[in-house]
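Think of it as A, B and C in the order they're written, each chain with its own count starting at 1.
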Amino acid sequence: MPLIAITDVRKRFGANEVLKGIDLDVAAGEVCAIIGRSGSGKSTLLRCVNGLETIDGGSILVAGTHVSSEDQQLRALRLKVGMIFQQFNLFPHLTAGRNVMLSPMVVRKMPVGEAEDLARRMLDRVGLGQKFDAYPDQLSGGQQQRVAIARALAMQPLALLCDEITSALDPELVNEVLAVVGELAADGMTLMMVTHEMRFARQVCDRVVFMHQGRIHEIGPPDELFSAPRTPELRQFLGSTAH
Amino acid sequence: MPGGMAMAYVFEFTWILQYAPVLLKGIAVTIALTAVGAGAGLALATLCAWIRTQGPRWLRVPVVAYVELIRNTPFLIQLFFIFFGLPSAGLRLGEMQAAMLAMVVNLGAYGAEIIRAGIEATPRGQVEAGLSLAMSRLQVFRHVVLGPAMRRIWPALSSQVVIVMLGSSVVSQIAAEDLTFAANFIQSRNFRSFEVYFVVILLYLALAVILRQALRLAGERLFSRGRAQ
Amino acid sequence: MIEFSTWDILRNLLLAARWTVLLSAVAFLGGGLAGLLVLVMRTARRPLPRRFALGFIELFQGTPLLMQLFLAFFALSLVGINMPPWLAAGLALVLWTAAFLAEIWRGCVEAIPRGQWEASASLGMGYLEQMRHVILPQALRIAVPPTVGFSVQVVKGTALTSIIGFVELSKAGTMITNATFQPFTVYALVALLYFVLCWPLSVASRFLERRLNAPHRHH
């Protein structure tokens, strides 16, 4: 059984149908890259999986339970699926350590001491053990994004959704974040990531999904998609990204 | 026994018809006060804002003192000072004149602060462009700065006008015959205090909603032409 | 007529000003707590509490405080409570303050980027947890200057309670005027005392605002 099962998902904003029937199964431990032009619905798809948007049709199952808009179920879902955002979205009033500790303490009712241990381990894992007491605005973009990853990991999710997590970074900071993601992939974490880093997608991902105008236009192993695109749209897209 | 009386109390609204003329007159007075207060008050406010931002230096201190004094004392006391206090300094005003003066002075101070903020948000380049076209400082203010500044702060200014309209209810305390005065008058006649104040508070609410809409429409009209970029 | 020196007048006004301060404090603290409740309802996801809060705010921001005082005074007499002026004054002022603070704070809550809501939601937090741990701590920081600024309105608002018979600074002014026939001096002094109470708050609010807008760190 797939960990994430997306079946005929539709989503519209007003008259604008953004997802026009998406079918996608992601197995446990799989790393799945989503590529495509801006506006093709990549973010919307991830946000639907995390319940940040409600779907208008079809179904999404995560580890066998439906993603619904019902509050209790939504929270149960979010314990299983973590999300990393393009803009980091760290809590600016909390230190890096506190950012990581907050949700385990508030949601999982973990005692402070235990949460602190957990936070230190998670920050170590992303290479920021020494930044426990730093505030977000004292960290570089790359460091902030790694804290955000540690924060999501602290909830021990079954899968992570990453939406262009290196797009807001200066070029020299991209690799430190990708390295962390690469390690997670190697450790067997299930990942759905929207990315423009084609080389990374090629090296790390098991499968690449090319989205075009709200549909999955092509899907397959990275070698196949990148070296032998079947559709003109994908060919054009790959040509324009200069790789 | 008060509890029993409360149970037996029956709400009564038939008096509204009987006292409709009184209520209407009160509404008219409240509107008149607000119109005068808003018109003259905004003129005074603009003048003060101009003085504070580009006017002669020697005038700035008194203007700042006026603005701070008014903004940090209750309207009621300003009203009492004008109506009861000024006669001993030789200025005797009727209750309507005193009420109007108090409202103008009050809105003048609040408006000055709002308009000043709008003026200070003007990009420096706008002023420099005007000056480089050989306009005088006053001409630049009138033709380049004021319009966009007013458009920026129109919502804040509108809320202040509504606040002043609602605040005008205290002029009833110097026997100016506004809507609150009408309420006090009616309830002293029919002893239906709760119903009277309930109805009148709804009338004020309606006035506030209408005034807010009117100011919004006025803003759209005033600023629709020559909309900057 | 009793002879009053300016000092006598000032001393009596000062004594009465204690009640202005006390009532202001009660209104501000009570209004702050009630305002927090209204704020939570106003920003809730469910429409029912949101609509209630909206109506509450509209009612208290769209009607004169004086009318609210009258209504509180007479409404509670109606249900058989023998209403002392201080109770009606306190009640009306608390509700009035709550409406304004809730609206001020809503602006601050809405100034918090949507990403903060989404990030905390994606970590499994519920609405109240998000509010308590993520949104309010940030919103409160930017809320301090306008909140302090509004306290000036509260102090000035207490003057209206004199009209329903609560004896504070303004009422004392009227009473002393009636005894001394020196309205010019008395009301000038009353105004001066209000100014002494309010002006430091105004200055503090402006100072805090400037500090907030200056380049800063969060700690």
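Note that a residue touches a chain if its C-beta (ideal position, glycine included) is under 8 Å from a C-beta of that chain, and two chains touch if they have at least 3 such contacts.
It should be emphasised that the depicted structure is a prediction, and the values quoted were computed from it without experimental measurement.
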item	value
Most distant chain from subunit A by Cα centroid	B
Innermost chain, taking as reference the mean of every protein Cα atom displayed	C
Interchain centroid distance [CA atoms averaged], subunit A/subunit C, Å	45
Whole-Å separation of chain centres (CA-atom averages), subunit A against subunit B	54
Euclidean distance of C-alpha centroids - subunit B vs subunit C, Å	20
In the complex with subunit C, residue positions of subunit B that touch it	2-3, 5-6, 9, 68-69, 71-78, 80-81, 84-89, 162, 166-170, 172-173, 180, 183, 193-194, 197-198, 200-201, 204-205, 208-209
Residues of subunit C defined as touching subunit A within the complex	113, 115-116, 118-126, 129, 133-134, 137-138, 141, 217-219
Interface residues, subunit C side, partner subunit B - complex	58-59, 62-68, 70-71, 74-75, 77-82, 152, 156-157, 159-160, 162-163, 170, 173-174, 177, 182-184, 186-188, 190-191, 194-195, 198-199, 202
Subunit A to subunit C touching residues, read off their complex	50-52, 71, 75, 78-79, 81-83, 85, 87, 89-93, 102-103, 106-107, 135-138, 148, 151-152, 155
